[in-house]
Amino acid sequence: MRIKVINPNTTLSMTEKIGASARAVAAPGTEIVAVSPQMGPVSIEGFYDEAFAAIGVIDEVLKGEAEGFDGYVIACFGDPGLQAAREIAKGPVIGIAEAAMHMATMIGGGFSIISLIERMLPVMEHLVHGYGMDHHCRSIRKTDLEVLQLEDKCSDARDIVVRECRKAIEEDGADSVLLGCAGMTDLMDYVAQEIGAPAIDGVSAAVKMVEAALSLGLGTSKRHGYAYPLPKPYTGSFSAYSPK
Amino acid sequence: MRIKVINPNTTLSMTEKIGASARAVAAPGTEIVAVSPQMGPVSIEGFYDEAFAAIGVIDEVLKGEAEGFDGYVIACFGDPGLQAAREIAKGPVIGIAEAAMHMATMIGGGFSIISLIERMLPVMEHLVHGYGMDHHCRSIRKTDLEVLQLEDKCSDARDIVVRECRKAIEEDGADSVLLGCAGMTDLMDYVAQEIGAPAIDGVSAAVKMVEAALSLGLGTSKRHGYAYPLPKPYTGSFSAYSPK
Amino acid sequence: MRIKVINPNTTLSMTEKIGASARAVAAPGTEIVAVSPQMGPVSIEGFYDEAFAAIGVIDEVLKGEAEGFDGYVIACFGDPGLQAAREIAKGPVIGIAEAAMHMATMIGGGFSIISLIERMLPVMEHLVHGYGMDHHCRSIRKTDLEVLQLEDKCSDARDIVVRECRKAIEEDGADSVLLGCAGMTDLMDYVAQEIGAPAIDGVSAAVKMVEAALSLGLGTSKRHGYAYPLPKPYTGSFSAYSPK
Amino acid sequence: MRIKVINPNTTLSMTEKIGASARAVAAPGTEIVAVSPQMGPVSIEGFYDEAFAAIGVIDEVLKGEAEGFDGYVIACFGDPGLQAAREIAKGPVIGIAEAAMHMATMIGGGFSIISLIERMLPVMEHLVHGYGMDHHCRSIRKTDLEVLQLEDKCSDARDIVVRECRKAIEEDGADSVLLGCAGMTDLMDYVAQEIGAPAIDGVSAAVKMVEAALSLGLGTSKRHGYAYPLPKPYTGSFSAYSPK
Amino acid sequence: MRIKVINPNTTLSMTEKIGASARAVAAPGTEIVAVSPQMGPVSIEGFYDEAFAAIGVIDEVLKGEAEGFDGYVIACFGDPGLQAAREIAKGPVIGIAEAAMHMATMIGGGFSIISLIERMLPVMEHLVHGYGMDHHCRSIRKTDLEVLQLEDKCSDARDIVVRECRKAIEEDGADSVLLGCAGMTDLMDYVAQEIGAPAIDGVSAAVKMVEAALSLGLGTSKRHGYAYPLPKPYTGSFSAYSPK
Amino acid sequence: MRIKVINPNTTLSMTEKIGASARAVAAPGTEIVAVSPQMGPVSIEGFYDEAFAAIGVIDEVLKGEAEGFDGYVIACFGDPGLQAAREIAKGPVIGIAEAAMHMATMIGGGFSIISLIERMLPVMEHLVHGYGMDHHCRSIRKTDLEVLQLEDKCSDARDIVVRECRKAIEEDGADSVLLGCAGMTDLMDYVAQEIGAPAIDGVSAAVKMVEAALSLGLGTSKRHGYAYPLPKPYTGSFSAYSPK
């Protein structure tokens, strides 16, 4: 099976890191192609960035359908464009936030999310409520880090992440922590070892969820919620996106 | 005060109708400018259409800020782009679905939404849940009509709308009905008279809500949820939208 | 249009202050009449006071209907008598707590309420839950002040209010604060400037909401929830209130 | 122990019937005194009636405290004045709606409420939500009967009640039915036998709940929610009710 | 009436203490028989212990039905086996956690639960959510005590319990506290006096609730949720439990 | 990896069917061992059966830990013993009801559950609420079939299942259907084809979820909710289950 892992931002170094994580957990027969949209924000921090990233995600899914991909991962912890992408995909489309949350409830009781930046908290709160996770989410904690700091070997960024994760377990009563940014995708094992509790990377979780759905012959339901878009003209610069 | 009423689809006849409704309820000192985005879907039916309409809404709000508008109405009953638009606006940005729901709870107990088409039901269900209206929403009913049929004097489209509204009151226990499409904006009085209960047009409600906020000196809060987007480059065809 | 603003307690100095706030935001054509009931508590702090204040509110609405008022504001942050008053009014009846909460969700994400006194917290918690605002209300904070202290220029009462509002924004993650007592109606601008975030006065918000409803031709729905009371005799000292 | 059972309406024949039911289930050492307020509505159908009935309830509790009663039952399925009455009572004050709902969840899964008249449905819906019973309440059904019809031996009123109760069990999946009006207090056994499932009369349930609380030495908590009213003057015709 | 009070663990000293508490509050005509199962955990701390305790509870209820008991109390604050036991009992079966929570909402607003040990917190959180008490439960606090320490006159265990109860009232805003372990059954009066607020012992509360149900002629509903188990063979060591 | 699939009832023909389904979707490297407990009910219909089945599940997990299994599936749509089993397992333990529900929300909007028998509805309602799926579950439908009828080629049992599934899609607005009994595990493809929408078999879904967790190195969190049971003696016939 072929899975397109879409990093909704346009920072290619991060796309590579995400691709590496995805490939590391993919099943033998799974081909992972990690991409970034051709346009959009270099990083995603808030609803405005999400709106543009959603179009980038849609663009990649449209192309992916033509390229014969079987399923998709949206690799940003705000799950941008998830619902729209589902309308145009035959196969499953799964966001890393939802995948991480669903997985968390199956290997523990309550979970906490660690967000790198404060600006994503309102986005995540909407997702938690929308996914029915109000009773499972113990807290959403934040650091004041940027993704790039995680790459800097001399920085204490990883220590800061671990410290917040530890507080989530010890002060907030979480059973597990969710790494609330695709940029932390390579920290899953490190954090888990440091805190002595499961740390869940959404990228990895979503890849396995898409594989799971495909193994069961499940694609996105085309009844009600995510039926194909009704054919109609789009005007102006979006005319190429007119549903047929 | 100057309010930009954004019809998120690109059908100008509908934009005019929406503008007329908005002007009909606007306060003496209020200038209403009704616009459609320069690009996007001609009608909005589902999450895919909403994603593109959101960019159109953002585009109009960005221009609106430069043009000196004080507030904005998003005139589609799915409130597309609402949260993103709030990040870039100094003044209030209010969607017609939220305006109608909030108004309904202040002039009655439970309400029902009448959607023209089935494809908008999942979108509306998300809004109802997100806005905390689960206990106030009695039902979301649909017709199988298209907006244009409402214009056809010979069609029985209006009767069909009235029939569903009546069922909402009599069978579902609603105190009021919400006209779940900006294309029904001119039916408010007609429906209300026919069913003997309040019918709420979101366009009209949202205009008054924006006026209300502005009269109180209230704009969109710039703390937490809707702070201005962080400056960053956007790549490709979206580069013009890079937050400064 | 003529709006009766009912201060449910019988402290006339506060009624005047409330009237002044209402007039300050009222539209040009709006006549504001601020009144207190002829009987009842001098201040409202808890469910017992609310029960008596409700009768005072009802009394003023009954008289208001005879006097030709178009709508009503209930100017106590516990919204006493709101549902009963709706049954007897043709036009809209809006409480300052509900008006403030609805407005808050349209200009920000989460809000906090600042109560002057602890005794109103249980009342407010009931309202938050009943209005479906559980997910929007970040916190209800209290001071240990009395209304009169706010009038005393030498007291540090205003500083205390501002301090709690600031904590709501910075510690509780609120986007805006609601001034949880009609006695703070004149602090809206001052608090907003001090904390750099919207402060919402319910009196002002409710006046604009009533105006909005009336502009749309909306009165209280007479179907189901708030139909006119069924005619019946009331005995004893309440016989004058028998519904006809 | 002495329990005052307050019928919040002023129809004495109903008060007698309520008193008889209460005495029939009271423990040997319990003295039941059934009263009606000296003023107020002859029947309670909606929020307006409830507001006046609340004052009647308060009046009887105030007198009851002087008379040395140990606890109180509020015998109307809208629980009028419950929260206010708790503030002024040392002992427990329990409404028949809450008593019936709590009892129902301990002898079955979901329950349905049978209301005599439609006008009480919105009141009951508020109670169900406020008491946290959303997930246990299967339905609220209504008849179009009046209380007096239940007394008429020639009428088919009882059959109509039984029919709705049966539908609640068979169509709505309820495990038990709550008789949603104190006027049905004598139908508990009859209905239960007819439908082959528990029928719960709130008057009986509340008497036992008050006895239970008193047996445990429990009165109304005077911390936070229901502390005694703060001393203050009440003006006009309510001056006698000023909290000391 | 005869009530079997089942201590789901097999520590007989605790069973005696529970029996004493039950008898202390039982009505004159009530016979209390306190028992422990013949097999199972000596103490209950978590879901694993609960699963085995449930079988012990079932075993005692099965025997109880043959012995002619009228009702049952399950005396562990996790209510183990409650739903299964209801299927096989004609009369009421009530858990001490549910009894305490229901009672708490009738004599106060919000409550807190004091758990002796941390391991019971997840169990209690499930119960709070399942019983619809999310809005009434202010907090679940824990100590690091063991039941036996409460017996030791020289230990400061009681002081620790009182300290947490006080924090629940003063910091968490609870109106009452629930003693979250049957081992604290004898502390009800002591704690209440120390903290100046109601302390509710579930054992006592449940005995009164069973008596209340029986006085009203109410047993467990046999429609839907708790109908008798369908006859079928059980294999192996559980064959004696095959429903007939 | 080695996964033990536990059919909680003791009907071996069903265990074989479940094993076949599990093996059909398992990844190449996965060894599936399908077992039934040595004791317990031959079929599971209600809370009583669930209580005994839970012990059987625990027994198999305890043995499984000694046998070196990496993860477990509980193959009954009531997820019996799930929480207890998690306490004693190092690896993931996943129920078929939860797996099916989580999967459903990732490939569609709302889902419906089709239960073979009515007796499981209350069990399923508890799970839906506990898993936070209230907003995603459109309905729980039932047939009046028994598992064995599905095996009978001459019966119209399959048609009846399909008919209810179709109603779920068309009348209840579900996007997908969950086959609410492990006995329907072989109907997934057939039903999906007949109704033109995804049908989800929990056995298959749970196997993939366990594989997914294991691929990510995730076992059951041992912090808080599902830590290993505290060591203590169990008495009587359960002494062999004493936690060490």
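We just call them A, B, C, D, E and F in the order they show up, numbering each chain from 1.
Basically, a residue touches a chain if its C-beta (ideal position, glycine included) is under 8 Å from a C-beta of that chain, and two chains touch if they have at least 3 such contacts.
Everything quoted here is computed from the prediction, not taken from an experiment.
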Subject >> Which of A-B and B-D has more C-beta contact pairs >> reply: A-B
Original post:
How many angstrom between the C-alpha centroids of chain E and chain C?
Top reply: 43
**OP:** Indicate the whole-number Å distance between the mean C-alpha point of chain C and the mean C-alpha point of chain F.
**Re:** 52
**OP:** Find every residue in chain B that makes contact with two or more other chains and list them.
**Re:** 109, 121-122, 129, 134-135, 173, 224-226
Original post:
How is the touch graph of the chains shaped: line, ring, star, complete or other?
Top reply: other
Original post:
For the complex, which residues does chain C have touching chain B?
Top reply: 25, 27-28, 92, 94, 98-99, 102-103, 105-110, 131-136, 169, 173-176, 188-189, 192, 196-198, 200-201, 204-205, 208-209, 211-213, 215-226
Subject >> chain C to chain E touching residues, read off their complex >> reply: 121-122, 125, 129, 134
Original post:
In the complex formed with chain D, which residues of chain C make contact?
Top reply: 10, 37-43, 45-52, 54-56, 58, 81, 83-84, 86-88, 118-119, 121-122, 126, 129-130, 224-227, 229-230, 232-239, 241-243
Original post:
Which residues of chain A touch chain E in the complex?
Top reply: 109, 135, 173
